[in-house]
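By written order: A, B, C and D. Residues from 1 in each chain.
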């Protein structure tokens, strides 16, 4: 029997108008289709400007798609009533990238956590101190910081507080938008471990948005690779990382600096700089940088094609062999 | 560089951002400087060219090709800057004046240091841009018309235009895509090889530095805590901080269910712990660590660390 | 963000302190002065054009009235018109700015355009046109100044709202389920309140000058003696009698009161870290 | 090149503003409980019969839309018909205004220019020595001057330089006894010194305060540190980079302030009996010359709208980021 996905994105596009004077259109997300189930953690991997943060905004209804539809538990998100939207907010939460920007500077730790507790658990009544303290325990923060303001906390503590705020409503699904990319190296591991523990102990599923494939591998079961607003490859983490099918995924993997990588070499084929991401190339967005591009790539964008079970890629010339073996296509 | 110290004047007294740092870079070599935010690595870059303005103070000695920098002033300092040592900033976005074209910003330093004809100047600029893989037609563009990667390439071209002996690059690729990042670092390495330029590359990303650099220096709380050849530092770290940090970074090439964690949070320069700055977070800390800061001790050839309990393997 | 440390700061801030002292002095004069100095309505022609003396510290005008007494009574008008019109302008401007800044759509767009249009029309010319057709009265003057001053506040508030409505913490509040009204009034408004306050106080300065200018041109309040009106009459004949005191003191009074309010505004901006 | 779309959107904005001014100008007199003709008549102390005649003469007995049509036709005919002045009867409102307009433009134009230059230079100088005695005293001075009404500054200058020391003429725009072009020009120049000085004093502080603030902000930008690292001279960094960037918002203020300055000239023109549009408004107000009041409002507004449009377009050339 078919399961109803938690989220269903159906040909979603989001277009921004940039520049008050020029009214230039920028397509952040382009024809994006994806089913997300509530028992799996999916990673959305892409570089700056690939549109991955826009997906987070669309899924939390901070933004509406310009075209296409988004379904939550089979109901279209655009048509959610105020009450169902409120219920939705108690089930799906978002943790932002920037721990310095995402906490309201006027609210201290107690107040920050009291807001979601009051709205979703207390029915408008002030929540008890023990509820707040429990949340702090959950994210391994000391109870002594209760009266502190965000500016008195370090980046790592702030991000833990953000996670606690998201957990306050007992969500089933949490979208993590680059939760550790702005943190110091020495505290990232602590946050990643915490996220893994919560996944296991609290039964929360994540959408983990990142540009860091290594941490995505650590957290995620499934992976979606984005390039300039489009999904170009999707599949189980192991499949995507071991047998990348899209040349972009391969380039990305080759470019990453990794301490434990065998036989490192710095060299990479030199290509001309992209003119500008403001004007998207026709056909496959990646073709100007792709070593395997042929004429057909410059005309029509390739559709997602299933390669092996859940592994799919949008490429006319998918790479076939595993990464450890010899590369060919 | 000997005993370089930089202090910031703040409302609550002087804050020491760079505390008695010593190192040297050989001709044509690349030194990597790693550290977390607020460890003083950017201040070090500014201090080396005496770019910190009063009331902030810089003391110590910095030699570039035999010439001391910190004691210089006025015209002689201006003359040394860019000709002997140049700098590339973290965010190329803000490192360009938004109202001037790329070419006039490139030409400015050349004009300030040499008497060059307009024709030669134009040719030089075209060559420089080609060297960093940018179409020379972009010299007529304004900075906001370039992408982040292009701006960083132009910034590097600009830093190389007087063939300096030293190039300081402060997080040169942090804001860029992974692919662009690697391309730019390849470019820098090539330029360093071709022109014998020494480089100081500052980054928080140890894996990046381990690939790009010949030597690596680690800073923590304004002090150097470890320095040595890139391979040695990454493969056989001496200081517990370096070791733990390397173990805490997730890798694509191994499967782990949990990561090694360094407890606590990095200190702020305004309130540093006594003794070894790392002792509150260090699993090996003993009483002596909390009192006197350990001195840099050479343990293995050129590999040195400031720790009472180095992890010699 | 107003904290107790801000209040301590406020008193160590020279601008705010001196501004408060100046303004408070004028407020005290406006409230209690008229009980000390009698209303200068009675003309006494034999005392006309007297230079400053012990009896008339600021001299007399062409009707032999004490300029000091006129100033004291006139301070009520300047203060009332300044404060009331600036308050009205601030309320209108803040509301329009909030709505225009936070809500997109037709309502926001229309309000934005309306503000832009009002900003271009030369304010004093508009004030005169309105004054001519609405007739001289205190209420008219207040209305006119408020009508021409609100767009400046609206523009400031709008740009402040625009920089805040897409701040991550506002998005975070939305995701948490915080309602629009709470976001506007608990997350955005408190943050821009210092800016609003500073601008409101600066508007008082502008309003005091505007009131005086309208009186000076002859389209302002005529029933009661105001500072601008003293200057209106002074400019007709003071120079023939070399009665410099008649011109000097009202101008200084306007400038001093204006400076007082302006100092408060700049001080507020300074301690709250805006600008 | 400035984008055509940008030009069009600015032009449409200006046209809409012009239309609002037109409507305001038409509606205001008609919003009153009494008919304009009655007000005209009562103010002109004319018998009731005259009011009735005026009503018919000005077409005020006709439906509002017919009146509006006539009004628009008048404004858009060539030369525009803005009615006939009462106080300068039978001169047309337009001809009187056109006669006065050059004087105001000369006065305001030079005052804007001088205060902009002065404020900018002082702002640069003060920011260079931030928190010094010079900086602090010029700050306080600018704030204090800013709070005085322009017309009072005019009165003060008139008394000091014109009456006490008799250095400059204080009445009108030129000496009627001047013969020949040169003597006319020098007399016009002398007559303009005090009004321009008063306007400059009243207006330069805005530019000064903004320029000083911007300079201090731009100084903290990364590119300034890079310029210093390049070994570029301090003089060049300050002028070519810091001041150049700090100037951009000042230019926006310049266009914003045009409206204020034109209005501000009203008080100054009254003080010096300077025969510009501002003084004309005063004359119109004191003689209850309603067609003239409305005409001047219209013309001043159009002038300001036009200047704003020009400033907006120029801004597109000055700030490269404003271009597409």
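Quick note on the criterion: contacts are C-beta pairs under 8 Å (C-beta built on N, C-alpha and C of every residue); 3 or more make two chains touch, one makes a residue touch a chain.
What you are looking at is a predicted structure, and each value in this text was computed from that prediction instead of being measured.
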**Q.** Interface with more contacting C-beta pairs, comparing A-B to B-D
**A.** A-B
Q) Taking mean CA positions as centres, which chain lies farthest from chain A? A) D
(Q) Just the number, please: Cα centre separation of chain A and chain B in whole Å. (A) 31
Q.
Using mean CA coordinates as chain centres, what's the gap between chain B and chain C in Å?
A. 53
Q) When the centre of a chain is set as the mean of its C-alpha atoms, what distance in Å lies between chain A and chain D? A) 54
Q. Got the chain A residues that touch at least 2 other chains?
A. none
Q.
Residues of chain C that contact two or more other chains, please.
A. none
Q) Among the residues of chain D, which are close enough to touch at least two other chains? A) none
Q. Once bound in the complex, which stretches of chain B touch chain D?
A. 46, 49, 51, 77-83, 86-87, 89, 91, 94-101, 108-109, 112-113, 142, 144, 158
Q | Parts of chain B lying in touch with chain A, wherever the complex brings them together | A | 36-37, 133-134, 145-150, 153, 175-179, 181-183, 185-186, 189, 204-208, 210-212, 234, 241, 244-246, 248-263, 265-266, 268, 281
Q) Okay, in this complex, where on chain D does chain C touch? A) 13-14, 16-17, 20-21, 24-25, 28-29, 31-32, 143-144, 146-152, 155-156, 158-159, 163, 213, 256, 259-260, 262-264, 266-267, 270-271, 281-282, 285-286, 290, 293-294, 296-297, 300-301, 304-305, 308
Q. Considering the complex alone, what residue numbers of chain C touch chain A?
A. 1, 167-169, 171-178, 187, 190-191
Q | Interfacial residue positions of chain A with respect to chain B in the complex | A | 47-48, 154-157, 184-190, 192-193, 196, 211, 213-215, 217-218, 241, 251-262, 264, 266-268, 270-277, 289
